[in-house]
Amino acid sequence: MTRSVRRTRRPRRTPTVAAAAVAALLALSACGSADSDAGGGGAAEKLSGTVTVFAAASLKESFTALGERFEQAHPGTRVTFSFGGSDTLAASITGGAPADVFAAASPKTMKTVTDAGGTDGAPATFARNRLEIATLPGNPHHVSALKDLTAPGLKVVLCDRTVPCGSAARTALDAAGVDLTPVSYEEDVKSALNKVVLKEADAAVVYRTDVRAAGDKVEGVDFPESARAVNDYPIALLKDAPNAAAAKAFIALVRSADGRRTLTGAGFVEP
Amino acid sequence: MSGPRGGARTAPLPLLLPAVAGLAFLLLPLIALLVRTPWSTLPDQLTSTEVWQALRLSLLCATSATVLSLVVGVPLAWLLARTDFPGRGLVRALVTLPLVLPPVVGGVALLLAFGRNGVVGQWLDAWFGITIPFTTTGVVLAETFVAMPFLVISVEGTLRAADPRYEEAAATLGASRFTAFRRVTLPLIAPGVAAGAVLAWARALGEFGATITFAGNFPGRTQTMPLAVYLALQNDPAAAIALSLVLLAVSIAVLAGLRDRWMTAS
Amino acid sequence: MTPDRPGPDPRRPDRPGSDPRRPDQPGLDARLVVDRGGFRLDIALTAAPGEVVALLGPNGAGKTTALRALAGLEPLTGGHLRLDGAALDRTPPESRPVGVVFQDYLLFPHLSALDNVAFGPRCRGASKVEARKQAAAWLDRMGLADHADARPRRLSGGQAQRVALARALATRPRLLLLDEPLAALDARTRLEVRAGLRRHLAEFEAVAVLVTHDPLDAMVLADRLVVVEHGRVVQEGTPGDIARHPRTDYIARLVGLNLYRGRADGHTVRLDAGPSITTTEELRGPVFVAFPPGAVTLYGKRPAGASARNLWHCEVAGLETHGDQIRADLTGELPLAADLTTVAAAELGLHPGTPVWATVKATQTHAYPA
């Protein structure tokens, strides 16, 4: 059996973060120097105004970085974000919220918007997220696989199956043939993770990106069944986008090599 | 509502219009809920055991939280209303803090205090092997935390309005301060206590944020109706509406029943 | 002690210090000192068992504070309090053998009359049955047996007063305190209740102290009056003594006398206010002179042939009906009140501003040492 315990504690992460920062700087300077170049290509569409992006909460760190880069590359633009649960965001979009771009944490959520005719064109998958087990720092209970979570006395939290991370965890657990009774079905991935951060739970099944974002407050444990429950993140231009031109450019940035670097830096997997 | 008494004098328009507007504002969302209720599938929604489990748990926890609030909240209100100690104003402000604190923050604060690694919780765990998060007790504590201020404020207000000289009269008849409180003050402020208890009960029944944060969500153990409603809302809004309706119907029935029985007693 | 007091130092033979009571002597022996935000109460109060003492004084004189201090509801800042020889200074109200009838009775609204009265015995250790039995006996004694089950709000003012009295007596207090016991009643009820209260107080074997601002209540109900002004005792004595020899303007007004201070030299008293009064008493030194308004005769002109003694030139300041008489308030040489018949007032054509001459016969004045 393959055991791949990957530690996400700071000493090992620092190079990654530094590399990402260097990459970001390089990308920035590249954008700066290539601005006239890019401008030559897109002179007809000088971008301006505000781009409003509704994005799943797990995208907060990477999209915020990308937004800043976008604003620097296109002076005069502003990117404003609304991060939240994908379902809540989808509900506001179908309810008429004036947004340009929607980036969801699951195709199912995106589908509620496309079904309502809310998108302009088909959504594209720009990132994937895998599950990981988040354990207490130092992995004191020596969790190395899903089946270890059924150890007596171990307090495990899962996401409720009504939210994406919960259904993904259920798929993975079924694939592993593990019958796990958690102490709680949390309402979203952040609160599941928080229970481990606060040491109220010993482990949680959450997304890799969340483990990454939590730094050294939790330790991530990879498990093979996570491949069976990979979560696709689709992004789409919205039909009633007030600033469609800039929105398209932002989506292009997210899907560019630069965007992918930022996303993988945050723990996402390339599609 | 009691019927009009005597020659019904009409209410002046400057009072009537805002009153009607206020009532409409409160009632319209409820009416909308009723309008959008999937009546045809309602029976199916309501026969699931999870619904009744959640409802039973909600009633049990809200009632326990109310009792707990009464046991500690009424004496606290008495202390605030009837005694003088340095920093009383500050204490009163602190008591009302859970009213302004976002419930989720309240839940986190409870975890930091009573969680497995909390300031108090670690000792509970080490000495008695008690952990509160993820238990029904946790739900009761979370609900008490957010609901008790309503009771304390209501009872304190009633106490302040009540004539403290009744306690003096009791003292001259040989009653200790506690006897005076039990046999004179408490009966006198009973309507205020009842009103506060009902308020606290209603608040506890609808509690969501602190509960899910502190006690988590597990059917039958910590999943109360509001949690069930919220999670149903994620992918089955129709079910969420149905669940809300059950919660509403039960609470209206209880509140209306109590009002007639208790609150008009005096 | 202070020379600028409204009256001279009243003679109080039973003041502590001058005549210390033996500690084991039954009855009340108190010096109540309460300092409260600029107001200072400092009164000595003694009473023998069976005696009814009235604290009489204007509003704000400190009467109620004194009563609360006796009951233990107001802490003493000085002095002492002994009841039947036992020091009560530090005893909390619930442990004092003291019963209180509050001004508005403070009957517990959630309890029946019977349970109100049974409350005290119950708190003092009687069983529920025993307490109710005692309470029923007390209500019966007050003629309220039929109202035992009534809630206080169903009782009339007079009935409520009697329930409050029964409640206070049911604890068998050694000191009964009554705060304005008749103030909450209308004039008609007051008459009946006053008579009833007088009877019950007469039967009461221990000390009773009542507080009132009504001189009639005080004189009818009490054996002895203690007049309190500005937190101090200004005079005390039997009702008759105080009615005859008032020592302050407040008391003089209460008992309806014109009162002046002066210095006597034989039959002549030179008043502090200016003129002199001739009296029948022969005294020397500081004195009070008092005479009733009815003793004053008014003239429109200076009466011919009258001696200049006890004749003053005045001016009408105000008029009011007083019973079937007219009371004229006069200013001028000597400020005084005069009573005259309606007919006389009409004949003199009195109205505010009318100049008049006032005389009083020496035989109708009364001088006594200050």
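Going by the order they are written in, the chains are A, B and C; count residues from 1 in each one.
The definition used in the following text is that contacts are C-beta pairs under 8 Å (C-beta built on N, C-alpha and C of every residue); 3 or more make two chains touch, one makes a residue touch a chain.
Predicted model only: the values in this text are computed from it and were never measured.
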Given chain B and chain C, the chains that contact each of them: none
Far-end chain from chain B, centres as C-alpha averages: C
Nearest-to-centre chain - CA centroid comparison: B
Whole-Å gap separating chain B and chain C, where each centre is the average of the chain's CA atoms: 54
Distance between the centres, which are taken as Cα means, of chain B and chain A, whole angstrom: 38
Cα-centroid distance, chain A relative to chain C, in whole angstrom: 88
Residues of chain A whose C-beta touches two or more other chains: none
Contacts with 2+ other chains: residues of chain C: none
Residue ranges of chain B in contact with chain C within the complex: 163, 165-166, 168-177, 179-180, 183-184, 187-188, 190, 266
Complex contact set, residues of chain B against chain A: 108, 111-112, 115-117, 133-134, 212-213, 215-219, 222-223, 227, 230-236
Chain B-facing residues of chain A, complex: 85, 87, 155, 157, 160, 162-163, 182-187, 191, 194-195, 198-201
In the complex with chain B, residue positions of chain C that touch it: 71-73, 92-96, 98-100, 102, 106, 108-111, 119-120, 123-124, 167-168, 171
